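In what comes next, subunit A is part of two complexes: it sits with subunit B in the first one and with subunit C in the second one.
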Partner chain A sequence: MELKEKLVSSFLAFEANVDTTSPIHDIRIEALKSFEAYGFPTKKLEAWKYTSLNSVIKNDFSIFPKKEIALEFKDVKKYFISDLDSYKIVFIDGVYSSHLSETTHDKIDVCLMSSALSQNRFKPVIDVYYNTVVKEDGMTALNTAFAKEGAYIYIPKNIAADKPIQIIHFATGVDGAAMLQPRNLIVCEDNSEVTIIERHQNLSENKVFTNSVTEMYAGNNAHIDYYKIQNDTDTSCLVDNTFTEQHNNSVCSVHTFAFGGDITRNNLNFYQKGQGIDSILNGVTILEGKTHVDHNTLVEHQEPNCESHQDYKGIFDEKSTGVFNGKIIVEQEAQKTNAFQSNNNILLSDKATVNSKPQLEIFADDVKCSHGCTIGQLDESALFYMRSRGIATKEAKALLMYAFANNVLESVKIPQLKTRINKIIADKLGVNIGFDL
Partner chain B sequence: MLEIKDLHASVEDKEILKGLNLKVNAGEVHAIMGPNGAGKSTLASVVSGKEEYEVTSGAIFLEGEDIEELGAEERAHKGIFLSFQYPVEIPGVSVTNFMKTAINETRKARGQEEMPARDMLKKIKEKSELLEIDSKFLSRSLNEGFSGGEKKRNEIFQMAMLEPKVAILDETDSGLDIDALRIVANGVNKLKSKDNAVIVITHYQRLLEYIVPDFVHVLHDGKIVKSGTKDLALELEEKGYDWIKEELKA
Partner chain C sequence: MSKFTEDDLKKELETKEYEYGFYTDIESDTFPIGLNEDVVRAISKKKNEPEWMTDWRVDAFRIWSEMEEPEWANVNYTKPDFQAISYYSAPKKADPNKSLDDVDPELLATFEKLGISLDEQKKLSGVAVDVVVDSVSVATTFKKTLNEKGIIFCSISEAIQEHPELVKKYIGSIVPKTDNFYAALNSAVFTDGSFCYIPKGVRCPMELSTYFRINQGGTGQFERTLLVADQGSYVSYLEGCTAPSRDENQLHAAVVELIALDDSEIKYSTVQNWFPGNKEGKGGVFNFVTKRGLCETNAKISWTQVETGSAVTWKYPSCILKGANSVGEFYSIAVTNNYQQADTGTKMIHLGKNSKSTIISKGISAGKSQNSYRGLVQISPRAENARNFSQCDSLLMGNECGAHTFPYIEAKNKTAIIEHEATTSKIGEDQIFYCNQRGIDTEKAIALIVNGFSKEVLNKLPMEFAVEAQKLLEISLEGSVG
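Moving on to the complex of A and B:
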């Protein structure tokens, strides 16, 4: 059976395990209809021209986890930023692991979507924000139809979360190939602050297909920093759909570190609904093998005096492929917009490919918008220069790659996270160089 | 210390060096002069291990060891240093981090421990003062936006940091005003010792007023055609290279 049919027909079984009287369920039913109409995206869609899910959706995925699996912290410690004091929301095959998590309801709510959807005290927030920021397409409709678990983070007015929050999704492969659909909601009221680190990790050789939706809401003067670490196995496919709505003078940044996986598609969308807003989208992509990563970004400037900054660096070796499709819309109202976009790529192999496509739609006349994209090779004369000073080829290449990605790496605000990302890169490049960044 | 025997080298099948012989002992300064296209920069590139150049015959010995098969970094570890005619700009790598990496990679290759951070800083301070390099300069990206003089001073600063056995200065005087030339020459002179050697490749005699060579060689058409003392450099300055070409014909 095709995956689409399997999903649609399993909805009845899904309903047996959720509260069908909740208004959330009406949303699910509508979303299922939409998914039936849209289906999975195909390369015929302009936005999916360079990324095909065909090789993924032909697999027979188990849709609901059959057994609950326990993991020992020591076995998965390396996937955490373990030297960072943080809240943790951890899922194993889509099921919450209280054993590995550390949640709170003290001043802020850092807990589970399933609790937020079912308990009355969260209802005021859910009613206002749930499913309001997301835009519907086949993938998001599918997620909404089956949404029941994920991270729920609520930061009330004038509160800064006292520590960062790590959201980690483990897949054990115990049921064979598995499909996961986490649903996250992050609401930051006026003058609040939060930092989030997210990771998806497949622990087996079995295939995993994750279709994740994250809705973020930033009130006036709110500040959200979101870091995504994508360094999964080559049997993992991730479609990440992240939607951010920002209000006056809020600052939101999303960093995406794409280092692995089979196929990764990042749909990252920012909607500016106020003035004085800053949206920051940064990415470092370092790939080899046959890995494919597609960054599809959208920034909608709807009001005057706002900024957006996009900086994506990519390094592609062997037969890896990268896509950057960055769309900036400046509405007629959005005078004095400053929108910057840059996408720079290095190809280390003549079999690697990059497609970079900036799209600017500007309807206001007093704006500053710039975009630039480059695709090149490592500088041979720089390599020789470094070698002549005693730095071996591998290390010299690594140093040049670090230097290339440096301004994005430098913008990571958590030192422990920066160290970890540098270590992941050093491990990938097979070097151990003793310089600080 | 460095011995080059009957060296033939080509680039893209064009032979540039055509049987070059040179022997440099520890404690000596040799100047290599010659007209454009004689093969001066090729010699520098071949000795430092640039792979575009193919050595077709002959050999290069460093302290008796044939280094022909070694990569550029291995030659650096053994004590070869090239001051580039055109130093490469490397955005995103600071002078300090570059130097730390170069020194520690070299120490690693020699089986030594990494240099303690305190010693490194002390050394950087000492050597940058020698070359009159401002400390702000050290945190800037390597050679990026440096003036010609700053690039050359930075080359000699690297030489000071790495303490090579054989330093080849390729047209280090080009693009330098007189003050920068004096600083660079002063730096080189302070680094000279009985245990190392310096090869100065230059078009003009000017630099040799400051870095006084023990021997001067004239490179012409891929070979050393005349050797002498520093007086030869003065003669070349005065009379140009044509008389040597005439002499060769005769």
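Moving on to the complex of A and C:
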């Protein structure tokens, strides 16, 4: 049976486990209808021109976790940034693990989507924000139809979250190939602040297909810093759909570090609904093997005096493929917009491919918009310079790659996280450059 | 041209179908509207074409009838009804009773500004001219010089009759019948166009131009151009004309194929100024053109275009850089005003080693127009050391227009070096102020700034065109200040 049919027919079984009387369920039923109409995206869709999910959706995924698995902290410790004092929301095969999590909170809400959807005290927030920022397509509709678990983060007015929040999804693979559909909602009211780190990790060799949707809402003057670490096994496919709505003078940044996974697709969407907004989209992609990463970004400038900055760096070795598909839309009202987009790529192998599509759609005249895209190689003379001074080729190359990605690495504000990312890169390049960047 | 109302049309159709049948009408000058295989055969017969050409057209028609109109372009328009067009009409004859006084005064004013001679004005506005001394003599001297060099420059119909071996070899080799909807349509029904062949090692001594070719008049809406530069040759070809052409045809679907054999160079310049529709966006020409060139080893193709006309433009002059060391260039200025829409750009397909390409695209949008750049740079795995540089700049005038950029960059070789940059901005108030301060009024100041903005491309145009193109930019943007 095709995955689409399987999903649609399993909806009945899904209904048996959720509250079908809540208004959320009406949203699910509508979304399922949309998914039936859209289906999985194909290469015929312009937005999916360079990424095909065919190799993924042909697998027979189990849609609901069969049993709960307990993991010992010591076994998975390496996937946490454990030296960082933080809230932790951990899911194992899509089910919340209270054992690994740390969510004791004060003033703010760091809890579960399942409770948020069912308990009355969250209702005012859910009614206003749930499923409002997301734009519907095949993948998001599918998520909405089956959404019941994920992280729910609510920061009230004038509060800054006291420590960063880590959201970690583990897939154990005990049931064979599994499909996960986490749903996150992050609401930051006026003058609030939060930092979030998200990671998906497959612990087995079995296939995992994650279709995640995150909705973020930033009120006036709110600050959101979101880090996504994607360093999964090569049997994992991730489709990440993130939607951000921003209001006056808010600053939202999403940093995506894509180092692995079979197919990774990041749909990152920013909607600016106020003035003085800044949206920051950064990404470092370092790939080898047959991995494929597709960054699909959209920034919609709807109001005057806003800014957006996009900076994506990619290094591609062996048979890896990188895609950057960035779109900036400046609406007619959005005068005095400053929008920048830059995509730089290094190809290290003849089998590697880069497809880049930086797009501008501009309807306002008093704007400054630019985009730049480059594809090239490591500078031979710089390599020679270092080698002539006793630095081995491998290290010299690594240094150049670090330098290339440094703009983005520098934007990481949590020192522990920066160290972790540097370590992942060092492991990947197989070097120990012996100093912290 | 007399007005042709819907009732007339109905009547004509009825009478044709029932009284005389279809075939009796072949000898008349205009075919009834509609398109089917018989019409395609009839066009071919009318043009007295050899059998292979007829078969080629019929094949193209069959392919076309199974294709769907493309919708991916960033333009909105009511799709033309392909069954409501007459696919063959004899060259329009000038109306002997028409004098210059009957011509639209607005058109004449534009001629004046462009500095076009009275005789040419008459010719362009369809007024009968007794003797166009200049043009005729110029054309004849041209023909003589070209013949001496062995250069073939004639209409494509003539070439099919007289040089079938060349046409047969090259037609459809770069833009195949199956290429796209409009190319297939053109292949089936093209009525005329130009053919040019430059023999080995010959450097064409003059700019070849459709402007000077007398038989160019009224070639209709489906033009086909085939240009072959044999080894080591050079040619510069100009297409179009800076004067506004008030053609009544709604749809133009042309195909241009360039073949640059080893070590040759083709420079192809276009100035397009078809009727853009009126200020309310009514009428205007749909310009759906497929242009492509093939570069063999060490060959070079350079496209230069100035697009100011047409209600809807859909045009991507491309280069297939097949040979090693081949070079492709694309220089473009696209100006849209009022309700015009342009979706234009280029494709650079790098297949050969050390192939190089440069793309400079300048878009200027004013009024309520939409201007898009859409381009592809593709580096194949075997294109070692390929190099591309692209620059797309957009200038916005007024807050109701749009400028869009859709570049596609695909690299499959690690030695490729690709740079792409795009900017969008408006004319700075400080720049205008600076000019005003020095006694240059705002309209002139804008013309000055636009000229500076477009300089890189204007410089690539042949001399005589450049001057007129510059004026054309001014005229196109007239009244857009504000």
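Some observations on this one:
Keep this in mind: the second predicted complex is superposed on the first by the 435 of 437 C-alpha atoms of A that agree within 3 Å, B and C clash if a C-alpha of one lies under 4 Å from a C-alpha of the other, contacts with A are read in each partner's own complex, and residues count from 1 in each chain.
Convention: contacts are C-beta pairs under 8 Å (C-beta built on N, C-alpha and C of every residue); 3 or more make two chains touch, one makes a residue touch a chain.
Computed from a predicted structure; not experimentally measured.
Legend: residue contacts after superposition of the two complexes on their common chain; A:69 is shown touching neither subunit B nor subunit C. When both complexes are overlaid on chain A, the residue A:403 reaches subunit B alone and has no touch with subunit C. When the shared chain is aligned, subunit C comes close enough to touch A:370, but subunit B does not. Taking subunit A as the reference chain, the count of touched residues is higher for C when subunit B and subunit C are set side by side.
Within the superposed three-chain model, A:347 lies in touch with subunit C and out of touch with subunit B [touch as defined at top]. By the touch criterion defined above, A:18 lies against neither subunit B nor subunit C after alignment on the C-alpha atoms of chain A.
Shared-chain residue A:384: touches subunit B; no touch with subunit C. Judged by the document's definition of touching, no subunit A residue lies at the interface with subunit B and also at the interface with subunit C. Residue ranges on subunit C touching subunit A, taken from their complex, read 72, 379, 381, 394, 396-426.
Contacts from subunit B toward subunit A in the complex involve residues 48-51, 71-73, 75-77, 81-82, 84, 87-93, 97-98, 100-106, 109, 114, 141, 158, 162. Of all the residues in subunit A, the ones that touch subunit B in their complex are 379, 381-382, 384-393, 395-396, 399-400, 402-404, 406-407, 433-436. Residues 46, 332, 335, 345, 347-377 of subunit A are the ones that touch subunit C when the two sit in their complex.
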